[in-house]
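Starting off with a structure, shown below.
Going by the order they are written in, the chains are A, B, C, D and E; count residues from 1 in each one.
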Amino acid sequence: MKIGYFPGCSLHGLSREYEESLKAIVAGLDTELVEVDDWSCCGASSAHGSSHLLGVALPARNLAIAEEQGLPEVLAPCAACYARLASARHEISEDPQLAGRVNNVLVRDFKNTVRVRSILEVLKGQIAGIKARATNPLKDLKVACYYGCLLVRPVQVTGGYDDPEDPSSMEDICKAAGAVPVKWNRRLDCCGGGLSMSRTGSVVRLSAAILKDAKAAGADAVVVACPMCHSNLDFRQKAMKHRGAWEGDMPVLFLTQVVGMSMGIDPKTLGMGRHFVSTDSVLARTAGTGSGSGTGTNSAAAVAGEVG
Amino acid sequence: MTELRELARRLLSEGTVNAVLGWEEGPRGARPAFVTTPEGADTLIFDHRCVHNLASYLSPRRPHLKRLGKVAMVLKPCDARAVAGLIRETQIPRDKVVLIGVRCGGVITDPDSTAPLTEATVADRCRGCPDREGHLADHTVGTAGPGFAGPSKRAQKIEELAAAPAEKRWAFWQSELEKCVRCHACRQVCPMCYCDRCLADKTQPRWIESSPHARGNMAWHVARAMHLAGRCVDCGECERVCPEGIPLGLITRKIAQVVSERYDFRPSDDPAVPAPVGTYRMDDPQEFIL
Amino acid sequence: MARIGVFVCHCGENIGRTVDCHGVAEACKDVPGVVHSVDYKYMCSDPGQQMVKNAIAEKGLTGVVVAACSPHMHEKTFRRATAGAGLNPFLCEMANVREHCSWIHEDREKATVKAVDITKTIIEKVKRNVPLNTIRIPVTRRALVIGGGIAGIQAALDIADGGREVILVEKGPSIGGHMSQLSETFPTLDCSQCILTPRMVEVYQHPRIKLYAYSEVESVEGYIGNFKVTVRRKARSVDEDKCNGCGACTQVCPNKKIPSEFDCGLGKRTAIYVPFPQAVPNLPTVDRNKCLLFMNRAKGRPDTCKKCADACAKGAIDFDQQDRLVTEDVGAIVVATGYQLYTIGKDQPKDNLKGYGEYGYGTIPDVIDGLQFERLASASGPTSGKILRPSDGKEPKRIVFLQCIGSRDPQKGMEYCSKICCMYVAKHTMLYHHKVHDGQATVFYMDIRAAGKGYEEFSRRAIEEEGAQYIRGRVSRMWREGDVIKILGFDTLEGEPIEMDADMVVLATAMRPQPGIDALAQKLSVSYDQHGFINEAHPKLRPVETNTAGIFVAGACQAPRDIPDAVAMASATASKVLGLFANEMLEREPTVACVNEANCAGCFHCERVCAYGAVEHKDIKDRAGNVVRVIAYVNPGVCQGCGTCQATCPSKSVELQGFTDEQIWGEIQALGV
Amino acid sequence: MGSHEHSHDHSGPEPLAARVQRMTGLNPACCYQCGKCSAGCPMAAETTLRPHDVMRLVARNRLDKLADADGLWLCLTCETCTSRCPNGCDPARTMDALREIFAAGKDGKPPKAISAFHKSFLNQVRNHGRLFEMGLIMSYKLGGGPMFADVTTTPSVLARGKLGLAPHNVKGMDEVRRIFAACAEEEAQP
Amino acid sequence: MDATTPAVAGGFEPRITAFVCNWCTYTGADLAGTSRLQMASNVRIIRLPCTGRIDPMFITKAFERGADGIIVSGCHPADCHYNAGNYHARRRFAIFRELMDFLGVDTGRITFSWVSASEGGKWRDVVNDAVTRVRALGPFTDYRKLVVDPVATATGVVPPEHVGKEVPA
């Protein structure tokens, strides 16, 4: 299977482990990612909050390029990019006038034919393959699947590939990888999103509540599919502790890393060492990875040692 | 052809039907024929000269066919649409007629012509016709030619007229309709015109002035077009038989286009598909209504 | 030869001010066929009408044209006067020179020219009018009532008490409807069953009511006064004549774990069951989907369990009973099929209904709907009237009610207001506080709609005297933590978010029409809205009639209704039915279509465009009795007179009387230059 | 009566509600103030102006009141409000439109830190076509962000190989700049 | 320019025939009257029970008889007194209008509208707009002068027996 691929800025920056793990698992799933040529930033919340047209035109540029490349669909693994791209597609298709304005701005003959897929949508279609390749099923790993805001809603934009209020695709994917999803309550709550830098206090409040709920539900790790959520839940744990909002260490994994671990891929390849909260506890629970390679700041060597 | 003749012979000899309606070789080309004996089946032909829409003979306005009892009829795919129309409008019961579908690759304009079937001679309605065989048939015989690509000249003329200013269209139609002598051949040949007493013949009140002048002619052709809206099967017989050469097909084709664009309807050879006039959708377009 | 009289009215100054009425009368004198043309100050006055009558008698008029106001104003008046003079009333027509002329123009000259034109068109029309006779249709003076809830019961009793026979068809095993499930009713808090049960018994014992319970309407043919209805009497597997309702069968049935429909799944019933103790008729019914014998039969296995049959001393159990079809002739039909509630689960019956994922799609066991609360509060309910929550049987100390679930919510449910929820939630808080003295009821609402006699006082009492907490705002999300339900809401009056714990939550879900209402409406050819509610003929002036003559509508199948509304509507339908049945023959205006049999080609375009199904097929036979032609026939009892058939008919073989082609042609001719 | 509204309406001849409706295609009058949006809003506890307040003020043409409040700028664009709105209003889109109005005019007063962040972000995209995170952090802090926040964490980010030190420019920079310019131009038109 | 005042004194005044349904537009026109809404006096109304009753032949006949413009008006969708007559009319006249256009008739001469019983003001606007429009188009002599032979016209108009003498046009 061939699918267009829009990495987005974060996957080439703060969340490069997301891209690393994604590329590692698709190889095993007979999927080829065709990167959108010379892609540019989707504009994120900054663009659509300052100019509606800009907020549509920036993602549309990328969809137009994908269309010219002959790609019928594009995977945007970053939930924020996904939301911007899918919204742009939705709005342009609903509003012919806007479509005209966008084409004027882009100076391209964009027909809006490219479907935008989220990581959940794509992996959901590969569940059988994930199951088949789970040589190292994560038997005892209890995961709290965290969707956040933009992966499954609003349903007009997502096309309803999953239930916006009671989604199940991430749990299904984790189950295919052998992990045990816990039942918890805050999987659709907001982590604080783009206010991470500008208003850290809000992020601490919101993200800590999420982590606490995951912990109360007995999760060993939180699974995410969004660089922003990852950054807020992982990187900001230190700030949470500093402000007394949170105790303990909750590993936060990208969904692709969970799938990768189940496939027995080297933790280093999956970028497990790039997290701020150590993933050692997770790796320990999912013992069976025969690689034994170091994982940077994590003492994965020790993990590998425990296997024996 | 052998296949057709053998089938006709069998139907006649087994007594399934009392007559087979098809075409035979006439003194001036192909012509419709009634075959009532098994031996007569050998005179039947079907080729690109079989232009006529035989469905007209099924119209209750022509009781001589009815008198023959159960008949079989040879049908081109386009003729099948007319038969479907007659069944839809309860003019003939489906079980009272045996339908022999012939596969078709187009016919020429003039049945009397000896010209071969070429891009130049093909009947306009066959240009772009997608149907090589009809669905409404008890038997299907023959082989289909490749057919002809569109667009039809009629469609081109319609576009040309539509692009012209209204006065030009008015002048065009007045010069054409002026010629009409009100012989009503267009009505007589039309398979879908089957009323016992036509509106044009009514005198109380007289909606359509009967003498041949442009005003009455206008009323007649407007009435005809409205009555055929969504029902015309585009067999082109009206235009073929018009002694004055009025391009009547332009009007029926134009209305068919309107019906197709507005109501997504094309004449079907399935009697169960309802005609678009006589039905409605709550959200039919109404851009022309204030 | 036509002899037309023209009568031009000044209407005081109303017409005369801008129209030269005398001039109009004079101008009309020159119109061929006009033998009399006069003007007068007030044509509708007694002397004015007398002028018309005298002229008819003295001049031997064959037609009357009154140039005055709109026909909607005085057509009846002048037709009556015409008839009074012995001329067929349909030979009189009005020329509207007031509303359509004098009142909308100031230029006297132009207005007068126009008034002459208007009068001339009507003169030409009247020349072509023919005498018409009022149509008389025989009426079968029996009624069918569909639905045995409170609306159907009331309609049936009123019609039967009025002296006419009634067939009452109820889909379920017992009549009583939703009202029989209710605990107490607002705003008086009287016991629902106490007031309903006597009426149910009355229905059962009424000599003029024939009750078909556990039955459904199979098909309906005919038209006002003359319906033929086929009713499917579903097999109960119990012989009604033998059964004495002792209940021994239900005692021995081994399958006792079936969720009871009557208790909204909160209680259990057996496979052979009587839905509730007061059921009418008091007959058990075998649920063939749940009975072990039938489940075995479905799998091709031999009959095993026959315990109920063994226990029946009367031998009334009949496992081989079949559905029976019975036909009934009736003259009028009352539709009273009632409502159902919006389901709180994830699976929704229609695409536009989305369910509430944010409330867990009802997966939290202690989230119930209003009818379930009624069963909990009912003395005859599964908890004997104690408020106990379904999950663990504990008494909830904190109960929360959410209003407008599925109502006023075009995104997930219906855009309409379900009307009754504000009141029953107020009632629920009271019932709860009466039963749980140390409990607290909280209501999340958007608006309190308490328009009804005693309603506002009632809802205020719930708040002011009974201690219910009302919070204005919708709830965003609910989830379960341990055995507590967490509620995330917003108090829009206080302006603060609320996170609240509850032990039990009651959703006031929307009222929707019963499933299958569309199929029934199609059988009856009555129209329904996008939600499935039956459309009334006119929202103000014909609220209990449908668009099909002779079919009436009562209760919550027309729109959300409370009990007093439903009962009032039911009585209204009864008075309509009894009015219809007052005479043996039904009289109708003769503005109906009529087929020219000689010309009709039988294409049935008319049938396709008729909105009323008034066009029938008629066989024309030769002397030997062979069908030679099939042509159209318009049933004058069904035709409403729109004339769409005539405009559609290619050969103009169908004519709308009163608006024939000749008449219209004459009018157009009159306007010629 | 009406003078009250007029005195507070700074939106010029076109009332705010109409303006927002033109921008969003949604009718602000559709909001019936049920508060379900605010009930689910993650920032409801921190702001004085919740989604339903915003909808109300738009419907009442109170641009002045909207300008005074922080709610618009604290919005996380999580769209919980929109996805749960029973009446098909779109508070998230409405707030986008309001931010756009304020960004274009001089009425807007986004909190300094937030405004600086968005400005820096867009500058990065305008100049490089993609987000250059290191550049964002630098420019944000210089542009008015809290100077010392996150200073301690930055090295650890670098250590994990997460931050690139040099920006990556897309090849189609001309096009990106043109998009920015064209949008600015079109928005500037009345 | 106001429809109620002619363009030039003694100038062309169009003759417009209106075919309207009894329940909505006729009643709406009544309401215009009771509300004393002033409008152009060029329109003559022919009352039908329903737009479904209006035959395209009415329109061709009215043109033949010298109408310069036509109005067809009835109940709004979903408001039809007879449930569906207006829906059938809508299809019929959509096709008819395109036909007339194709034959070269300026469709500005034929106005279709939905005017409910409560829309007296709308009826006035429909009337005034139609009058203004047709006045600008000029007299529809094209149609009237189609007849070359006046004798043929006279024989074409056969009055019903009981009508009495018919005045030739």
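Criterion: contacts are C-beta pairs under 8 Å (C-beta built on N, C-alpha and C of every residue); 3 or more make two chains touch, one makes a residue touch a chain.
Worth saying up front: this structure is predicted, and the values here are computed from it rather than measured.
A.B. asks: Which contact partners do chain C and chain E have in common?
C.D. replies: Looking at chain E and chain C together, the chains touching each of them are B.
A.B. asks: Starting at chain A, find the fewest moves between touching chains needed to arrive at chain E.
C.D. replies: Minimal hop count between chain A and chain E: 2.
A.B. asks: Does B-E or B-C have more contacting C-beta pairs?
C.D. replies: Pair with more contacting C-beta pairs, B-E versus B-C: B-E.
A.B. asks: How many angstrom between the C-alpha centroids of chain E and chain D?
C.D. replies: Chain centres of chain D and chain E, defined by C-alpha means, are spaced 55 Å apart.
A.B. asks: Compute the distance, rounded to whole Å, between the mean C-alpha positions of chain A and chain D.
C.D. replies: For chain A versus chain D, the centre distance works out to 24 Å.
A.B. asks: Roughly how many whole angstrom separate the Cα centroids of chain A and chain B?
C.D. replies: Taking the mean C-alpha position of each chain, the two centres sit 63 Å apart.
A.B. asks: If you average the Cα atoms of chain A and of chain C to get two centres, how far apart are those centres in Å?
C.D. replies: Here chain A and chain C have centroids separated by 54 Å.
A.B. asks: Give the residues of chain B that touch two or more other chains, as numbers and ranges in rising order.
C.D. replies: 199, 204-205, 207, 277-278
A.B. asks: Two or more other chains in contact with one residue: find those residues in chain A.
C.D. replies: Residue numbers touching two or more other chains: 164.
A.B. asks: So which bits of chain C are touching at least two other chains?
C.D. replies: Answer for chain C, listing residues that touch two or more other chains: 358, 609, 648, 661-662, 665-666.
A.B. asks: Following the definition at the start, I'd like every touching pair of chains, please.
C.D. replies: Result of the pairwise touch check is A-C, A-D, B-C, B-E, C-D, C-E.
A.B. asks: Looking at the complex, which residues from chain D come into contact with chain C?
C.D. replies: 32-41, 44-45, 50, 52-53, 80, 84-88
A.B. asks: Once bound in the complex, which stretches of chain A touch chain C?
C.D. replies: That would be residues 163-166, 185 of chain A.
A.B. asks: In the complex of these two chains, what residues of chain A are touching chain D?
C.D. replies: Listed in rising order, the residues are 9-10, 12-16, 38-41, 43-55, 57-58, 61, 83, 95, 101, 104-107, 148-150, 153-155, 164, 188-190, 192-195, 197-200, 202, 205-206, 235, 238, 273-276, 296-297.
A.B. asks: Can you list the chain B residues touching chain E in their complex?
C.D. replies: Going by the criterion above, the answer is residues 158, 161-162, 166-174, 199, 203-211, 213-216, 218-219, 222-223, 225-226, 229-230, 251, 254-255, 258-259, 262-263, 276-278, 280-282, 284-286, 288-290.
A.B. asks: Which of the residues in chain C come into contact with chain A in the complex?
C.D. replies: 346, 356-358, 360-361, 479-481, 486
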